[in-house]
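Here chain A shows up in two complexes: once beside chain B, once beside chain C.
Right after this comes the complex of A and B.
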């Protein structure tokens, strides 16, 4: 390669130019012609560095699927403007002009929603020439101010999302994101002002004639105003603006509904014109908006080949699956959920909230806001250190043990907790992968802390009055126990997310429920141990201080949670034995392919758990031994389901005021009931067909029995 | 186009990649059936480096299916990767894809691969069932993996390794609750 370079450099008509960063730009034509004369047709030079990525990134010039530089309609934005593609004003007829602006607003909101859902900004919002060149619209107050709001909103959201992903630059970036949201809010205010002034200037006759259109504009003004105010309130430190944000969100939802109702009138006109393309349309009226060309920016989306993207339709009509309006309604409800969360300094509550929140599959913008609320300046809600949170969940007092805040294990634990909360706010596929990986970090930390705490506790056991240092050791010992509970919680979350993401095949359910049973059993044990610590500590406090009021609500809450875990443990055990029995009796297919056995599948599914020593022994061997003898007439199958059913009845009473939890427990109870019946039927008739479906609970399967 | 073709399994001929004359056949099949556009470099990258992993299926001289793969080091393991698998619609449901992919996997296994991976769209039920029958598991879900916004599953097939008995210390023996009691006689 060296000699070729030397040769060609002499014949290059254009000198190589340095571009400052140790790399040199050179004219490629001489090299290409030299290479071409050496090659026969269809030959390919393969360099060692020509890997799959290089092959995939290579493009075929003038192939519209690959060549992002290929000119389609316009060569540049200027050319598009010169050809009158995006006129200002759009029409000299005021009524037409207003109609077109409402179409642009509709389309821009559809573009923004599509962008939120993962497509490039260049192909969505920035396909609008009015947004790309805001200076052109300065004479047109309404269009100008709306485009400025959209630009500012995009900037603000980019900041919020990037803040949610960075660790090191948090402090300085957070301020910039807050400032950006604030700027966007100011732009929204300007837009509302423009709309109001326009309404004032219109005489009564015009207003009546155009009242529907005026109303649509007012709704938009109201919507963007409240949306950006809501975001601004949500970014206030320590969740101080959440209450006000909820009010703005409620207005936003109302405004969106009004936009929808006004559109029925506007779309009527289009239907009358015989152009009913509402289903795919990105505007409420069904017309194509003026001034948009998604190909203008496609060069910016390199290095990926340019692909046509499908924008969300503006409104759900007929068979369309999900519209921009649906997206915003879902986003607003998710933001409202976040704002309604009571910022209790209670880790159990936080974890349960995040898990519940993720059930509706919230999109990036909502998840980024939740993460920024939960973790601020290395503290929960920017307010409570994780030592206080952790101590609180054990009913321990750490106010007098100042040294603990600087303890290396507590500092590390703080970091682990921050990472965990951030991961829990991520999209569920990524979340599961990360949870699997961090389990190993947690487990190494657990071993190290166990050794240190073990040494410390040996010194404490000498019978003498406990000193401050001894108290620290005792607290660390309790935290060590709590850490083990957390590890099992993370492992359980990893396992159940597999159901949410549809990673398990029916032939693998047996091993999955076996693993869940092992993890749930241990988690319930650790949580129960925590209840004992809390009860003991609270009793001691009550003995010392007569007027001490015990937090019975907390004790009841944790006890109830332990019972829920035990109920799930019994269900997982019941399902394991039932499926194992069906397999052993040949009523259910075993997981066996031509190239490997169940053992390899087990290793692949649970390798990360086993790496983290969950459990500490050879899990596959234990799984095989414990399931190979199961039979349908084996009584414990019924016992497991009956225990689960009994516990579910008890738990229901405790969760009477919590509709989400109550619904879950009712689901568990139904799974148990149906599976008892199914086992009974299967015992009587071994020719029945059985399948497992998630009709009552997303993670615990119900056996469905059919005659053929 | 979608109508089923009547044929006898014995009429299908399978052949390993045998040179440039096969390339246009592979390209036209993949371009027709898969959503991702590939340049000729991508095809050449695969078939020139791993011709032994590429197979074609013919019926009466017409190319009706193909599989394109690679293998190499990946994070301390030697891994096979199935890049493209296509059988045209009229010939589907008769085990041609299974035969093609099985041939590639066998070569990978004989070449010392420890595992085989690929990605499949979450909605591609046919492919998921096919790979499931061959012993692949869904190891991961990849959020918005394809440029059309769809998620993908990363599928993995682990080959058995020679069994090394583990030393079990006393601490590592199983507590009683974790073993289900034996059934009564």
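Right after this comes the complex of A and C.
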């Protein structure tokens, strides 16, 4: 019997059998789930005639745009309201009514977080009938004001994000105006007022019986109030409201914690729901909220998949990975980080801050706020022009050279800087793509400016020209040098983001580190040149004025930065030579596959850099020439790792007051240390197995040596 | 095996089908390929088609599918049907899943549940 069935089922041409007399419908869900849990990631169970491309065109059931036959409970909002799906008041029993409202608040919070994460507003916040039809709730003060606050918050956030021109948030319509934020704040005040008035109206008996629920509501009122005030303060021009925003953010975090603490009480009443349902639940109590139907707006969903969405759970229970509350806590910490930033008119500091800020992978709302703070009215923080900032980073004085700010190159540079800052605030994949593209703009600009500045400098050397012209030509010449440094910085960021996005395979590390070495070396050279300019001009100023105080802190900071770059250069060089030697000796994977040659891979990864002439010579030829002779025997002769270690020790002292930088330098030092040991071991025993892992630093690999 | 009846059959079946239930679930699901499968989803519709593919997440692809739905308003037949061809049913909206098989096989599937 068994063997016959096997033969039958293995033949593809088997006719589908109808459910006849001898056959029955067998329930197979448990078998399927057992098989699914046994399957490996990305594995399918399919027959011989399976075709992936054909399968891709299968109609997806329950997808609002593909499945026109979805059966909905209601086909319009009016139908839902008529059938009593979203009653006002929710219940005649006051206690039940309040419980339901708290559930609705919880669910809306989860919806809003899901919206922030990139899903459509129509499927998240606007799945709530109370929010869709605010006029219906006017008789119910609490619900009415909460729904209005939520609508106002959404509008305020849409306006922030659309002002920042990051088109990541999916909204019904994006209209931008500062008025939205103020309107939101007013509504938040109304909501707090309503909650407080209701508290007063309740008599003492009820208050004692319901105090936990009242507490939960108060916390929500506090949270909404402070959140909107924080957003409002952050929108003030030139970062004037940041101090106050920080205070509101601190209150918000405290209120969220209080909301969480009320959960234990609320969820006690629904223990029967079971733990599994709690994990998925979008409310603190674990009940399903009243008045939500995500299918009502299904025709409004975005034209691209995935359209079936999963809301974040309200609170992290057991195995669920990320919850709405976690999201808000992270968002508030990120906003706090922005508010804590001292708005220094120093471009190095700004770039370092943005890079550091991006390390925690902030979400869209936080990034949009950072971008709005950095670039306002085409100026940094809305107050400093990029000319003054460039000049400051070179210790030049531009106040007297009035014509300079109208110079064509300076205007173009201003635009390039604005674009760069905006791109740096975008999400990582977008950032990398855009950085690659703008490198070309920068390099074309660099060439044009180089020609003009060259001419100007020639004229300066002839004695007839007026003195003021000399000065501006000199400043332009310095800015030209600074521009080259920035281009290399952008190129380095482009390469490093490849590690964050896991774009490089281990067989390609050799070429990546080689390229990083080239860029880092050039960047360090340019930065060092800048230090010399600064020292020179400061010395001259000090000579002219007896009482002139030199900005030693800045000089030290840049020198330290140069040293850090040199340390990274040595590490990149060491890794290149080491991996090349291992490859040449056949101890490490060669970057040869059946599809692409090494040259093709090289072009795929670094084509954009080469287009921007970084470096100016044929990079691939240089790479293969410089790495083909590397041998393990010579490795200890190159003391790259030792140099890096020594430099890291020096830098550590300088960064003693900066914990973020210190952590990075410690990481670099550890990479150097471990790689020295690995080189020694490998030279002694050629049978060892090597792999490269990012255990100490996210971009510099540590060689891990194993015996088998 | 022919004498399977409603009561007291479990032991007989356990003995006769122990070989089959010893197979791992993946192999057993592979044997269900190309069979007629009836899948019920959250909104109350049913889909009948031949089982084509399943992935780790439990999403199912059916071929030559017919959709069955109950009609809300009064109508001569209680259900309405239409042909859809190849469809993908996400695991998240699947509520039930049945396969057309002989009685013996059904009993061996029951084994798994116990």
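Quick note on the criterion: the second predicted complex is superposed on the first by the 607 of 708 C-alpha atoms of A that agree within 3 Å, B and C clash if a C-alpha of one lies under 4 Å from a C-alpha of the other, contacts with A are read in each partner's own complex, and residues count from 1 in each chain.
In the analysis below, a contact is a pair of C-beta atoms (placed from the backbone, for glycine too) under 8 Å apart; a residue touches a chain by one contact, two chains touch by 3 or more.
All of these numbers come straight from a predicted model, not from anything done at the bench.
A.B. asks: Of the two partner chains, chain B (first) and chain C (second), which one does A:76 touch, if any: first, second, both, or neither?
C.D. replies: neither
A.B. asks: On the A-aligned overlay, A:55 touches which partner chain: chain B = first, chain C = second, or both, or neither?
C.D. replies: Both partners, chain B and chain C.
A.B. asks: Let me test your reading of the model: by the given contact rule, A:47 touches which partner, first (chain B), second (chain C), both or neither?
C.D. replies: Touch partner of A:47: chain C, not chain B.
A.B. asks: For A:23 in the superposed arrangement: first (chain B), second (chain C), both or neither?
C.D. replies: second
A.B. asks: Have a look at where A:427 lands relative to chain B and chain C in the superposition and call it first, second, both or neither.
C.D. replies: Once the two structures are laid over each other on A, A:427 reaches chain B alone.
A.B. asks: Between chain B (first) and chain C (second), which, if any, makes contact with A:261: first, second, both or neither?
C.D. replies: neither
A.B. asks: Tell me the contact category for A:625 with respect to chain B and chain C: first, second, both or neither.
C.D. replies: In the superposition, A:625 touches chain B alone.
A.B. asks: Classify the contacts of A:617 with the two partner chains as first (chain B alone), second (chain C alone), both, or neither.
C.D. replies: In the superposition, A:617 contacts chain B only.
A.B. asks: Please name the chain, chain B or chain C, that touches the greater number of residues in chain A.
C.D. replies: B
A.B. asks: Share the list of chain A residues that count as touching for chain B in one structure and for chain C in the other.
C.D. replies: Residues 42, 44, 46, 50, 54-55, 58-60, 310, which sit in both footprints.
A.B. asks: In the complex, go through chain C and note every residue touching chain A.
C.D. replies: For this pair, the touching residues of chain C are 1, 19-20, 24-26, 28-38, 41-45, 47, 50, 52-58, 60-61, 64, 67, 69, 82, 84-93, 96-106, 109, 112-113.
A.B. asks: If we count contacts the way the header does, which residues on chain B are in touch with chain A in the complex?
C.D. replies: Against chain A, chain B makes touches at 20, 37-42, 44-45, 48-49, 70, 102, 105, 109, 122, 132-144, 147-149, 151, 153, 156-160, 166, 168, 171-174, 177-184.
A.B. asks: List the residues on chain A that touch chain B in their complex, please.
C.D. replies: The touching residues are 42, 44, 46, 50-52, 54-56, 58-60, 63, 65-66, 117-119, 304-305, 307, 309-310, 427-430, 432-433, 501-505, 507-508, 518, 521, 573, 576-577, 592-597, 599-601, 603-605, 615-618, 622, 625-627, 629-631, 634-636.
A.B. asks: Once bound in the complex, which stretches of chain A touch chain C?
C.D. replies: My answer: residues 1-2, 5-6, 9, 12, 14, 16-19, 22-36, 38-47, 50, 54-55, 57-62, 69-72, 308, 310.
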